[in-house]
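Here come two complexes built around chain A, the first alongside chain B, the second alongside chain C.
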Partner chain A sequence: MSNIKSSLYNLRVLDDLARKETSIHLVHPLTKLLTTVVFLTVVLSFGRYEIVGLLPFFFYPIVIITVAEIPLGPILKRVLLAMPFIIGIGIFNPVFDQQTMSAFGLIFSKGWVTFLSILIKSCVCVGASLLLIATTGMDSLAAALRMLKVPKIFVLQLLLTYRYIYVLIEEISHMMLAYSLRAPRQRGIHPRVWGSFVGQLILRTFDRAQRIYDSMALRNFNGEYHTGKIDKNCWKDMVYLFGWCLFFIIARTNNLPMLIGSFITKVVN
Partner chain B sequence: MSYHMLEVRELNFDYPDGYEAIKNISFTIRRGESVGIIGANGAGKSTLLMLLMGVLFPKNGQVLVDEVAVSKKTLPMIRQQMGMVFQDPDDQLFMTTVYDDVAFGPRNYLLSEQEVNQRVTKALELVGISHLKDRAPFRLSGGEKRAAAIASVLSMEPDILIMDEPTSALDPKSRRRLISLLNSFEHTKIITSHDLDTIVETCSRTIVIKAGEIVAEGKTVEILTNEELLDHCGLEMPLSLQNCSICGSEKDFFTEKTKYSTTNTYGIQTIERDCRVSLVEN
Partner chain C sequence: MHMADALLSPVVGGSMLAASVVVAAYSIKKTQNELDEKKIPLMGVIGAFVFAAQMINFAIPGTGSSGHIGGGMLLAILLGPYAGFLTMASILMIQALFFGDGGLLAYGSNVFNLGFFTCFVAYPLIYKWFTRKGISPKRIFWGTLISVVIGLQLGAFSLVLETLLSGKTELPFVTFLLLMQPIHLVIGIVEGLITAGVVAFVWRERPEILEKTSAGLPLGKVSMKKVLTGLSIAVVVIGGGLSWFASTDPDGLEWSVEKTGGTTELEASSSIHNVLADIQSKITFLPDYGFKTSESDNEVKATAQIEEVWPAVNTGTSVSGIVGGALTLVLAGLTGLIISLSKKRKEKATL
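Up next is the complex of A and B:
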């Protein structure tokens, strides 16, 4: 019980974080959205054997985390949540791809290299997306999507799904509490009542969602979601976008670690 | 502008499972009037309000708001005039902050952000929760949620205010504040409550429903002092109208006004306080 309730609170951590007012939070949502899209595109454009070239791209999430004062814990936890899927996708590469390659005078299994490459790409991509939500908030993000002329039905779908998760978890936590208070010696829920428990849950969340929708409709909601308080794009936002894009492109076209490495060795010598 | 703000004609409603929740209900409410709807649990109060708001549609019968029948077509227009506070505030609060929740309605009216801000600030002040504006609604206490839900409707500045059990879960101070707030509105008001003391203080007219039917309708004072009727409907006379619990002296509502100088709007005086004073003095 305490678990599910606390996971509800945890879920909302992203919303809480989005309410901070650091310089990153103040950047226009559209700018952040575009920056993230460019970031994802560039990272995903790397070849399957690329590892070293990807390393500079950790710079972006690290900067955001630091400047936006986002605690590392909740973000890492969520990235880890995505891990099973990523591993599931990548784990067969070492089995099927038994060739070897050499770099830095060492021999590597190509399979493991691709696996590692997938892992890194996924981590930075998931991390960057989470950071986008944590620094922007779902509502503003939706507004940004609307500015990009994404059809309102899709944006609404996204928003309502995001809200519906909370409704679902709240109902679960209420039912679990009611159950555990009357079944004190039991751990978890007895398999005998699973069926009725799940059935109840579905009906209850449907009902609840319906009532929430009613209350939205009563307040003149007609499919367009107005979040208000979004300022115009200003030159700072442009600088932010172009600054990052420049960095991404340089990091994509040059091997930054190599450059830095040779620069340092030159200086040392 | 018509004389009748709200008219209900022979309303019938069945729930999808076949339960007959509303049977042949008719009444009218005049502009500016405040009407209480009382009845035991399951009498059909919330269902009736949902029908008034066009959330549910009747099997037959009609609801007329300002002489316009509530139908799918007229709904957007009618909903601009009516604001409803739900029985369960959790159903009403869904945004990430109290502020955004209260601003939801005004923003849907496409007001400028400045106007929205004015309305939200005013509504939050009215219910006394300005300090909660940046909190997440799901982390508030029951009473705070209720206050936020009320503010979210007030910010829309409706002509008709419909409230389903507004004082449940409120502490005495907040309840008092809400009652004086309600009394200060010139809106047409429809209030359901089990807390009959609230009805006494806010509504001049009362409709009693039992098992989906109207059993009585009339002046609040008359209805709420009719012990037999209330008992029949599973209700109890409000404390403020009962005989004094300390000295047992009977209360005479219609002469009370002349006996005491401090009477409320309907000429009802709580004798208890005087008795307690005399007990203390003895």
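Up next is the complex of A and C:
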């Protein structure tokens, strides 16, 4: 139950955040989508032993979070929720790669290095995807997909799914509440009613789809979903895209922390 | 189980995305040709239904734990393979964007693992085979159960292959396989039983839903051939092209080169490679710091060489790395702090 309610809350939080009007929110959705894709590609192109070189890529989520005034809590929570699978697979690295390397007078296991590298990549990648939606919103993102020539049937489908998630999650939470009140101290739905419980919801869903179609047809639905007016890309958007891409390329081709570190150590010496 | 961005290399992620786009394009064409516009809202609402149904806990008798459904096969049975695949793709997109399940670069892999194998392999080859002589409760039960199990096994196998080709984990192939397949067998049996129960219920109450789907969407041999041909072309072209340009990342390609050619060295003799190396050397600043050459070497050559470089790291470089790394993080944090402070000041000034 709490899981269902919290999912609904999660969706709404990101939806609300996307309605803000900060300078990041005002950047063209297509520009933000492309920047995110470039960011992910560059981060994931790093080798498995890279840790230090990945650190400058924390700049991107941090700058977006602060400029777009996104609260850290909800984003961090989701990033952590996406972790178990990564940890589950990554934890085998230290087990299977027990070679060691020495640095700084200490012995490090290479397996732990690759594990840490995966964790860092996961943090920044999941964060970047969540920030994309938290600063853009589903409707604008759908408009960006249309601009990329994604067929309208898919975009429409995506938007309708998103729109009705709220309705159906509320419906299922009512059904779960009703069930749990009649089946106290039971973990989940009993196997005897697996089919009928979900089946009932399917039948209701089909009826609902019919009503939705009828009302859409009455409002002149012709296969197009109007997402509202989206302005064209302007020079500011280009600056945003190329600025970030330049940073990503520099951070990819130069080990920035190493440069800073060697500079500092030379100065100190 | 969703594939995650962090476990993928751009080459594998890009190839899987290309493969999924081909299947999606084919499905869109088929959906547009064969279905009325009534099906569009139905696909949308059913997608939302699967999302909601994934949140139901199903009690597994005798274990004290609970299971969930993935929904790929249920979608294929309710909507047919084409509309089912597209619906699964939109569910996965929402999961990636809002919940961080999977990721944008892993999107193609997830659509392929969870959508393609259920809708285009298990559904036509297993479920349709079981129900070829008409629908009955028994055929529904076995057809659904076995197709869900096989679909999930294929998806898990594909996930293992993608992870290993990406080269981010150290898990040996067989160990990873022995880890993933049995887990997904258990998950598959539970999901198969739930899905079978649901399909049987729908058939009992509203048989026309299933009859329409199975009658309206013939899956001929020719169309499957087309899908597979398109798929292989896309994977080869995009995968080949991407790996050519992404040679700075040795992971996936390196792995396959090592396995097929028996050598870990990549010859950096091509002209494009030289051009890229040249550009890189131009944009790399502060060239007099010793690590520049080893850095670009690492990128052009192989993972194996990076491995060789590792133990040779001297203390001076490590200190630089640790100091620089810490400073980078502090700088990143400070940037955030300064931006938010200046924003607050601006807000105060406007009040």
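Here is the rule we go by: the second predicted complex is superposed on the first by the 191 of 269 C-alpha atoms of A that agree within 3 Å, B and C clash if a C-alpha of one lies under 4 Å from a C-alpha of the other, contacts with A are read in each partner's own complex, and residues count from 1 in each chain.
Note that in this section a residue touches a chain if its C-beta (ideal position, glycine included) is under 8 Å from a C-beta of that chain, and two chains touch if they have at least 3 such contacts.
Nothing here was measured: the structure is a model prediction, and the numbers come from that model.
Looking at the shared chain after the overlay, A:Gly137 reaches chain B, while chain C stays out of its contact range.
Residue contacts after overlaying the shared chain place A:Arg163 against chain B and chain C alike. Contact with neither chain B nor chain C is seen for A:Gly73 once the two complexes are overlaid on the shared chain.
In the overlay built on the shared chain, the residue A:Cys125 is in contact with chain C alone; chain B does not reach it.
In the superposition on chain A, contact is made by A:Arg187 with chain C only, not with chain B. Legend: residue contacts after superposition of the two complexes on their common chain; A:Arg208 is shown touching both chain B and chain C.
Judged by the touch definition given at the top, the superposed model places A:Val198 against chain C, while chain B stays out of reach. In the overlay built on the shared chain, the residue A:Gly243 is in contact with neither chain B nor chain C. One of chain B and chain C touches more residues of chain A, and that partner is C.
Touch criterion met: A:Met216 reaches chain B and chain C at once.
In the three-chain superposition model, chain A touches both chain B and chain C at residues 138, 163, 208, 212, 216, 221.
Within the complex formed with chain A, the chain C residues making contact are 1-2, 4-10, 13, 24-25, 28, 31-32, 37-38, 40-49, 51-53, 55-61, 64-67, 69, 78, 86-87, 89-91, 93-94, 96-101, 103-105, 163, 167-172, 175-176, 193-194, 196-202, 205-206, 209, 246, 248-251, 280, 283-286, 289, 291, 295-296, 298, 303, 306-307, 310-311, 313, 315-325, 327-329, 331-333, 335-337, 339-340, 343.
In the complex of the two chains, the chain A residues touching chain B come out as 12, 15-16, 18-19, 137-139, 163, 166, 170, 208, 211-212, 214-222, 224, 226-229. Interface of chain B with chain A (complex): residues 50, 53, 55, 76, 79-80, 82-84, 86, 88, 90-92, 94-97, 100, 103-105, 107-110, 113, 116, 134, 136, 138, 152-153, 156.
Across the complex, chain A meets chain C through its residues 3-4, 7, 10-11, 14, 36-37, 40-41, 44-49, 51-52, 55-56, 58-59, 62-63, 65-67, 69, 78-79, 81-82, 85-86, 89-90, 92-93, 95-97, 99, 101-105, 110-111, 114, 118-119, 121-122, 125-126, 129-130, 132-133, 138, 141, 151, 153-154, 156-165, 167-169, 171-172, 176, 186-191, 194-203, 205-206, 208-210, 212-213, 216, 221, 223, 249-250, 252-262, 264-265.
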